[in-house]
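Chain IDs A, B, C and D follow the sequence of writing; residue 1 opens each chain.
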Amino acid sequence: MLRYLTAGESHGPGLTAILEGIPAGLELTQDHIDLELARRQLGYGRGGRMKIEQDRVKITSGVRSGYTIGSPITLNIANKDWKNWQHVMAIEAGAGITETITQPRPGHADLAGGIKYAQRDLRNILERSSARETAARVAVGAVCKQLLHRFFVNVISHVLEIGGVCAKHPELTPQEIMEAAEASPVRCTDKAAAARMMETIDQAKAEGDSVGGVFEVIATNLPVGLGSHVHWERKLDAQLAKALMSIQAIKGVEVGLGFETSRRFGSQVHDELFYNAEQHRFYRKTNNAGGIEGGMSSGENIVMRAAMKPIPTLKKPLSSVDIISKKPFPAAKERADVCAVPAAGVIGEAVVAFELAQSMLEKFGGDSLEEIERNYAGYMEQVEKF
Amino acid sequence: MLRYLTAGESHGPGLTAILEGIPAGLELTQDHIDLELARRQLGYGRGGRMKIEQDRVKITSGVRSGYTIGSPITLNIANKDWKNWQHVMAIEAGAGITETITQPRPGHADLAGGIKYAQRDLRNILERSSARETAARVAVGAVCKQLLHRFFVNVISHVLEIGGVCAKHPELTPQEIMEAAEASPVRCTDKAAAARMMETIDQAKAEGDSVGGVFEVIATNLPVGLGSHVHWERKLDAQLAKALMSIQAIKGVEVGLGFETSRRFGSQVHDELFYNAEQHRFYRKTNNAGGIEGGMSSGENIVMRAAMKPIPTLKKPLSSVDIISKKPFPAAKERADVCAVPAAGVIGEAVVAFELAQSMLEKFGGDSLEEIERNYAGYMEQVEKF
Amino acid sequence: MLRYLTAGESHGPGLTAILEGIPAGLELTQDHIDLELARRQLGYGRGGRMKIEQDRVKITSGVRSGYTIGSPITLNIANKDWKNWQHVMAIEAGAGITETITQPRPGHADLAGGIKYAQRDLRNILERSSARETAARVAVGAVCKQLLHRFFVNVISHVLEIGGVCAKHPELTPQEIMEAAEASPVRCTDKAAAARMMETIDQAKAEGDSVGGVFEVIATNLPVGLGSHVHWERKLDAQLAKALMSIQAIKGVEVGLGFETSRRFGSQVHDELFYNAEQHRFYRKTNNAGGIEGGMSSGENIVMRAAMKPIPTLKKPLSSVDIISKKPFPAAKERADVCAVPAAGVIGEAVVAFELAQSMLEKFGGDSLEEIERNYAGYMEQVEKF
Amino acid sequence: MLRYLTAGESHGPGLTAILEGIPAGLELTQDHIDLELARRQLGYGRGGRMKIEQDRVKITSGVRSGYTIGSPITLNIANKDWKNWQHVMAIEAGAGITETITQPRPGHADLAGGIKYAQRDLRNILERSSARETAARVAVGAVCKQLLHRFFVNVISHVLEIGGVCAKHPELTPQEIMEAAEASPVRCTDKAAAARMMETIDQAKAEGDSVGGVFEVIATNLPVGLGSHVHWERKLDAQLAKALMSIQAIKGVEVGLGFETSRRFGSQVHDELFYNAEQHRFYRKTNNAGGIEGGMSSGENIVMRAAMKPIPTLKKPLSSVDIISKKPFPAAKERADVCAVPAAGVIGEAVVAFELAQSMLEKFGGDSLEEIERNYAGYMEQVEKF
């Protein structure tokens, strides 16, 4: 069983995650995690804060001499800007905070959270609902990716759409998609579309507005049979949908052809089955199912897409209401990101990696890498003989 | 804490669900559940089996004299056709089953499940992966709906799209949508579109093909503040996405504007906030967020859509491979449903109702209806005073 | 992940359990479960009801042709006496129940449950709190035992103490203990003590009183390394303590020497370690730890004891208070068991078997018996080479 | 839902806990937690390390200006001795650790953990299995106690037995017990027994041996109806037994009379029920049940005891076997605690406090202290009117 908790406010001392259930014997370095944290901070359309942070993880448990030892892993990411917020965000009483936030921003957790938790200083909500939290999830996902790599599983992402500009779906291998995405400021493999996406971002910025988009996550080399058809919450697609939908600002999730499947006849949707006698392997020539059938991995690449709404903090004012005075006010903010879709793809990879690592451990059991690899190899042989 | 397990094979003796955590004192009758079971069996485009089944629930625990008593509720739904399957599906050994299924159908759990569970008679997979199981979930959802009704929450659904035919989005109240949907053979409020949907279904049937579609689930009157922004898996949208994606054949899920949000500028997406001083209530004039912001219910209607792929059992053959001989064969089946989207909407209501009931109980605690209603009333007053 | 829910009232139609997570390919027959159900109904000191019931399980899902198929297993046990209770325990409204129970019995869930669930007919509590429910758990445990047998694990029990009469601790192998216990009316291996235990039971019966006692559960052949030291709720002893304490009327649980360890010096408690070079195996000559060290199975037999309080329903009256009139009354009941300790041991085996099966599946993963056995064998080889 | 994870090795940088689910609006200071951490470090019979540590908590999330805000709370406790262990316990690779531990100590997790996790440097096991981890749990428990205090619930403990020396059971109020225990070097209210306990500790120390003992945890003022009779793992006694048994070195747990109940006739065990008309309250004159009946709090004090085995690290050698050479060696250690029972009582309070806080939140729901207090008050009125 793999599980994790994250904690930390956006302008507090930092973020912390505890990841419990990673087997012993996995090579793990802070550098690897930092690389993923850096990927999350890139992308055309980000505001100034990203440059301030330059996130670095600090591992304080569960790893010794570069290898996991089976105990819970603590991942800390300091908030670099904390020194400027120590008064406002003081943990201790007596700081005498005088300035409270009473103006909820449309499209944010502010109002619902304030009511739910009976907080009339909305900073007490927005500090935690902020997407800053996703840095902790990216760190967790980076550890999970390390585990998955041992089983040849890669989780990558790229951007398909920003502000209505659609990329052509790439005719590339996942490896090529990854490389092209990493080289693009908007993490898009279609250079012409990427240029138009950036124009749209510029336009939104000029108008004090923001844009969302769609990213795709692809996981390769998963063994057939992760997840299960026997009970609803064990279905792999259901777990992945939850993980992706839990990312801040995500409003839609689809697997394989997704919504498009509802527009085609069945004979144009379902992937026919073939057998490769040399490789002792069933396969499909199409992957409309996105690698999941009956709630289980089919052995084909897992392909999922998520739709991100535009960032709700705008320079262009939206009408809102002060929670104390009940008077309307124009909700606007000067400095902010205009588009976070490229980063969201990286977060998408992380949450998908966690779910897949969890599914692998459920299927293969084991407490040490050695044991899991042995169980995995045994199953792969069983699959071949099926 | 509310939870449930379902069990049962498609052609076994029947389905069983145990629902644990429903408070004491809720009026509950089998008739109410049967009504929902009947709704699941309707819809233009269904094959013959639906008529055979005519599902009826039998409650065998947790209810006394028409009221819940706090203990787990057992819901049994007999498979009416069981008498014809007693030999093939015998529980006991020694039945001497000779006919095994070795031909996996594309688009089904058959192959992945057979490999995962090391079963070479694929009946052992398809009996459980079948959408027959959703009858148990509809029964569970019916109990949850009864609970939600006590808090004025209704969960309804309607069909927006079948086989590429789109309905106009209705300018109706949820109550009107429900009534119009119930009166339509395809559960669609747009009569003209409904007619074309049925034509498409007829055409698919004539061609030995199948169609999918999109349904929408709407939940009304939820209090603000269900779910939470503080941890990823407590987010209401994430939980609902998981529930909807876990329904057989669902390939996409969206909240509010969903994928459309990624095509608009932020100022065209985020719902502005207003205050109604007479009703002491914050509100929005639009509901692009679909009733969920920051992972919490906003107080507006919850609106979610799910995309269902076409039924994968086709008369028109798809290529597949026998798992024993490894020889290709044409996967085809004579008698089958052509379209199950109207029924899927009813299942969607059920799984959403479960998640919402669960969220209500988490927020309001309580072991008796009396207690939960008191806690609810106290919170509603707190909300009003916020 | 292995989990189960049980449902059912003591005088309702019957009990139901759904057990989810048992791998495919396990041979399973109703006879085997019935044998365990019968063992639960034996024992000197039981009242008349046990003879009425003669429990038989009926499996209605998850098993086909004598083998599990990986899907949830439904276990039904009819209440034979239901025909006489159909009016009082009617599920439907309108039965016009006139007689309510308003007199809580000391030592039972009646009063606390009535208050918690706001039920003024205490039958609505006592029907579920009754130890009748344990029949469902014994059925679940019987399935788990079947799984454990495939890994040579046996879970047995015997009675060590009844009403203050202590048996000598047997110098026998677990196999011999089991045989001797099964042959004894009080499931005690010490014949002289058993005779005195029965005298004590007779005396209690004559006085309208009741007695409790202590039973011991032993699990043999478990591999080293189930459970874990890395997080508190993954500790095997913690899980087993919860399971045993959850049995109705259990008030104490201990592992190995248990409370006695607190009376000895450390050098008289801790089991020294030795190595058998021929068998490539670490071992201990003593087993004061009861087979669990650091929250993990040590490879020695797991030995746990539980203390059961006397049955609280007495012929001899205890003072109580009517919940409506608030007037005192003498709580007394004519027909009842005097001692249920022998049966409690059988229930203890069942709940221990579930926890151990769960731990095995967590350690070895796997979806089919074939896969788990392969993973197990690989680990056992690893253990040997350590 | 309240939950937590702890992390951290005994000689690593420090311990971390994330506690998720504490409502907003609870006053919380680091001082309060430090007080509990200090209590854990006291007690006659401790070795030198306790003085080195002088634990202090650092909160880094979930609290602002002295009040909780509903988000996860991070609790950090630095290991003061870390500076001396940075090389041996380095997180990063390349430290070139040359000294490995290959000699498992009897009575510890060393051997089972080494085999399970395939670690041949046993430091990788013992660093996490160490009771040092309990500092994190005491911190978590301190937060839970703060919450419980708002509902007038106190959780205290005292020592009843050390090395076979038994204290007289005090005829004192819980408040008096707490005060007397805090004033005693062995946390025992019976001064004469305490003196003999210290003599026994001295004797054990002189002989290079160690002693265990028994402590009792008492929780006062809990409302009736926490936990539940309806499902086994919701029973309060089962949850508390798990929590207590999960503490390092605990081998037995009992509620109320515990094992003694099995030696008495029922009429001498079950607590008779009475009604106090002035206070509108059912009560008992005895509390043999230890405040839990039918898996629910009865409204009387919760009383549980746990048996701790002697510390397994002895100066006096025990036989063991090197895991590499397979040669026997005498397991002995110079500097170590001789008795940790007084501290274990403090840890017992902490784990009990967590379970009770969790039960309170499950019963009363709520996201802010204001809301929970309102729900609680409503229930207390309902109880009074029952």
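What we mean here is this: contacts are C-beta pairs under 8 Å (C-beta built on N, C-alpha and C of every residue); 3 or more make two chains touch, one makes a residue touch a chain.
Predicted model only: the values in this text are computed from it and were never measured.
Looking at B-C alongside C-D, one finds more C-beta pairs in contact between the chains of C-D. The geometric centre of chain B is 37 Å away from that of chain C, both derived from CA atoms. Distance from the chain B centre to the chain D centre is 44 Å, each centre being the mean of its Cα atoms. Chain C and chain D have centres, each the mean of its CA atoms, that are 26 Å apart. Listed for chain B are residues 5-6, 20, 70-72, 113, 116-118, 125, 128, 225, 228, 230-231, 363, 367, 370-371, 382, each touching two or more other chains. If you draw each protein chain as a dot and join the dots that touch, every dot ends up joined to every other dot. Residues of chain A that touch chain C in their complex: 1, 20, 70-72, 225, 228, 230-231, 361-367, 370-371, 374-375, 378-379, 382. Listed in rising order, the residues of chain B touching chain A in the complex are 5-6, 104, 106-118, 120, 125, 128-129, 137, 161-164, 204, 207, 209-214, 224-225, 228-233, 235, 237-247, 250-259, 261-267, 269-275, 277, 282, 284, 289-290, 293-299, 307-312, 314, 316, 318-321, 323, 326, 328, 331, 341, 351, 363, 382-383, 386.
Interface residues of chain C, counted against chain B in their complex, comprise 3-9, 12-18, 20, 23-25, 27, 29-30, 59-67, 69-74, 89-95, 97, 113, 116-119, 123-125, 127-128, 367-368, 370-371.
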